[in-house]
Amino acid sequence: MANMLEVTSLGISFGGLRAVDELNLSIPKGALVGLIGPNGAGKTTVFNMLTGVYRPTDGGIRLDGENIIGKTPHEISKMGIARTFQNIRLFPGMTVLDNVKVGLHNQMPYTLAESVFHLGSYRKKERGMDARALEILSVFGLEEAAAYRASNLPYGRQRKLEIARALATNPKLLLLDEPAAGMNPQETGELMETIQLVRQRFGVTILLIEHDMKLVSGICEYLYVLNFGRLLAEGTPGEVLHNPDVVVAYLGE
Amino acid sequence: MKTKLKKPLSPAAKNSAICYGLVIVFYLVMQVLVYTDHISSSLNGQLIPICVYIVMAVSLNLTVGILGELSLGHAGFMSVGAFSGAVAAYCLQDVIAFSPLRLFLAMIVGGIFAAVAGVIVGVPVLRLKGDYLAIVTLAFGEIIRNLVTIMYLGKDENGLHFSMLEQNFELAEGGKMIINGPMGLSGNSRISTFTMGFILILITLFVVLNLINSRAGRAIMAVRDNRIAAESVGISTTGYKLMAFVISAALAGMAGTLYSMNSSTLVAAKFDFNTSILVLVFVVLGGLGNIWGSIIAAALLTVLPEMLRAVDDYRMLLYAILLIAMMLFNNSKFKQRLIEKRGLRQQAKLEKAQEGGR
Amino acid sequence: MNFLFNLINGISLGSVYAIIALGYTMVYGIAKMLNFAHGDVIMVGAYVSFCATSYLGVSPFLSVGMAIVICAVLGVAIERLAYKPLRSASSLAVLITAIGVSYFLQNAALLIWGSNPKNFSSIVGNASIKLFGGQLSIPVITIVTVVTCIVVMAALTIFTSKSKLGTAMRAVSEDKGAAQLMGINVNTTISLTFAIGSGLAAVAGVLLCSAYPVMTPTLGAMPGIKAFTAAVFGGIGSIPGAMIGGILLGIIENFSKAYIDTQLSDAIVFLVLIVVLLIKPDGLMGKKQSEKV
């Protein structure tokens, strides 16, 4: 079976610090995979390398067979990787609808001349964008909030909006960085349903970082465990969570 | 899945309508006053400067309010447009007799030169962040002013002559000096009119407002709100920053031409740091990102000193106090609470709507 | 001989920039803000010293002391009234406020002292030292300026590295929250920094006007911006950086005035700033900063 993401011997150093070392990941198309590990294990650093924010010191990353190392973040977005951020990064000064429409930036493009003169397909494209954005928002129950400023949404909905914006870029691979952070158990439950729904409706492959073991073992098919920048274990949630090394890494000796 | 659009575009459309409405009403009222001879000569003399500063403020708002980068060198682009436009107008003098058309073409030349300056300044500057970016735009503004001060440009039967050194500059018999170093422009034919100023404002509003309500405008605002998130959804931040910066520079250049063609003489020293700050004050007082606010602030504060002759000495002091007070108010707990309250109201409305929908 | 003369004058001008830049760099380090009004505090310092000697008849050295005290108080007042409420605001808001303060000081000075230039008489008179059989004549103020700069820089280095208050200053500039938890009074420390920076600005104002005696209410604006350039050049936040940056900038400015074009010297100084920021954004001796994602 073809892999959506193939990471080989990935490593990065900051000065003398080896943040990630010899990391191998293979994520099949359509899979829902978790990346777990204690704080400071290098999980977000992996996401930053996958999205071009950091350039790896060594190793390779292939998305659907294509090399992405050396590409800028916006080029990688066009190639099909979208992400959310551990500390939510919305466009707070813009409306909820516009946040998603920014996500549609490269999906329904028109030129600068059309932007400035509102000519040609401007109106048609804008209407198409509105409809598509509302459709995506409705998956998250946010369509009623379309006209509000993004910063006025409650925390949980801001997280959902961030996922909606990422999906608007029509990604092949969706990276979720601690989507359940700061949520109560009920909200986490809802989020699990939403992630499942997203996977079915949008047909994306998902890689997520999470600390909430209930969420991870509830929806992920496969887990990678990172510790001190190295792969500690991998396998199904059942295998990994009973692995003595993993237990030690999380709880100490 | 069909969801009816609930007019999410209405605030933007309303803003545009206010902008155009304000400008058109202002123009008509002033025209009526001029034709019925009810206008004071000092206000009459201010009509074109008002137009110039409205365009300057709206264009700077594109950089500071919409793009979110503080530029302290906007007068530099005005200067480039003022001098290049004046030279163009002089060269076209014998070709085009109809002065509004000549002015219009000169403004386009001024805009193009300012846009080129915008690219030259923008490419290095926009790689920097925050305070550093601000100080470098200031530096560029001063460099432009310095360079224009040592420019000598004239025209004779052999065409245009240009030099940066006075001693190397020679014109043939009967030639005319257009830009004379520190003395600047002289012998300009004054072809700017209030109507042309009004048209330039409309052009500016058309470009800026349309841009804001478009794909490119959203991308620019996304870069302002969160650069990293904007990159993550596929927006080339450097490209859109440069786009906004260059459009803003070009409009300032056109305003510069309108300004220079309103007087017979002009020196480069006019376009110094203080002019940049003056325009920034208009933008800040009108509200960052608020286009109609810029229009009102620019118009009022250009006229105000004329009306407040009595307290002229205190005018700049008042400006300074106003500027500080405005910034303190905008970031005060009081205002924060007002915004929070509005946010809470929206949240409550949202909860209610969701419950009703279930 | 001409070259040497220009070099010495450059070092002297650079020393003034360095003293101003020290104030900039300390304030930037601790408050993370570009105190645009710093240049205008220089102007206030010069005017206070001028008024003290011409109207009150105090001795030049006492007038410098008065200028230092008044500027230090002014600096603390500016911080308390205009900048403190904006600690959590965007850097854009703070910078615009600082520009407002700068405008306020300039125009207040214009109202108080008028727009007519005043003639500052040098605090050490117009004596000069002749060298090489009179071929080279160096004004005493030039030497005083350079010596003052070295003394100030040495004193500040010792103060920040050895004294308790200096350590508190460094702690606050690293991490305000953590410093507060360690029992450091952050507000007092920031006030102290503004007081020291503004006091230095007063010294710089007197030295500047002793060398270039024409005083106007905007006299501080350009040196202020150039000193900021110097601070960036040397690496903002670094005390030796401010000194080196200031002196290099002074030399560059004087040489471009002497050998290129007087009217272009500002443009050349600013060009240096732009080139430095593009090639080495953290300056000659600055710390590297990176954005966390």
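Chains here go by letter, A, B and C, matching the order in which they are written, and residues are numbered from 1 within each.
We adopt the following convention: contacts are C-beta pairs under 8 Å (C-beta built on N, C-alpha and C of every residue); 3 or more make two chains touch, one makes a residue touch a chain.
Everything numeric in this text was worked out from a predicted model, so none of it was measured.
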Central chain (by mean CA position): B
Chain whose Cα centroid lies at the greatest distance from that of subunit B: A
Subunit A and subunit C: spacing of chain centres that average the CA atoms, whole Å: 48
Interchain centroid distance [CA atoms averaged], subunit B/subunit C, Å: 32
Length of the line joining the C-alpha centres of subunit A and subunit B, rounded to whole Å: 40
For subunit B, residues that touch 2 or more chains besides their own: 228
Shared interface positions of subunit C, touching two or more other chains: 293
Multi-partner residues of subunit A (at least 2 other chains): 53, 85
Subunit B-facing residues of subunit C, complex: 33-34, 82, 85-86, 88-89, 91-93, 95-97, 99-101, 103-104, 106-108, 110-111, 221, 225, 228-229, 232, 261, 263-264, 266-267, 270-271, 273-274, 277-278, 281, 291, 293
Of all residues in subunit B, those that touch subunit A in their complex: 1, 3, 5-11, 207, 210-211, 214-219, 221-222, 224-226, 228-237, 243, 289, 342-343, 346-347, 350, 353-354, 357
Subunit C-touching residues of subunit B, taken from the complex the two chains share: 64, 68, 70, 124-125, 127-128, 130-132, 134-136, 138-140, 142-143, 146-147, 149-150, 182, 228, 273, 277, 280, 284, 288, 313-314, 316-317, 319-321, 323-324, 327-328, 330-332
Touching residues (chain side subunit A, partner subunit B) in the complex: 51, 53, 72-74, 77-78, 82-83, 85, 89-95, 97-98, 101-103, 105-106, 108-110, 112, 114-118, 122, 125-126, 129-131, 134-135, 138, 141, 143-149, 151-154, 165-166, 168-169
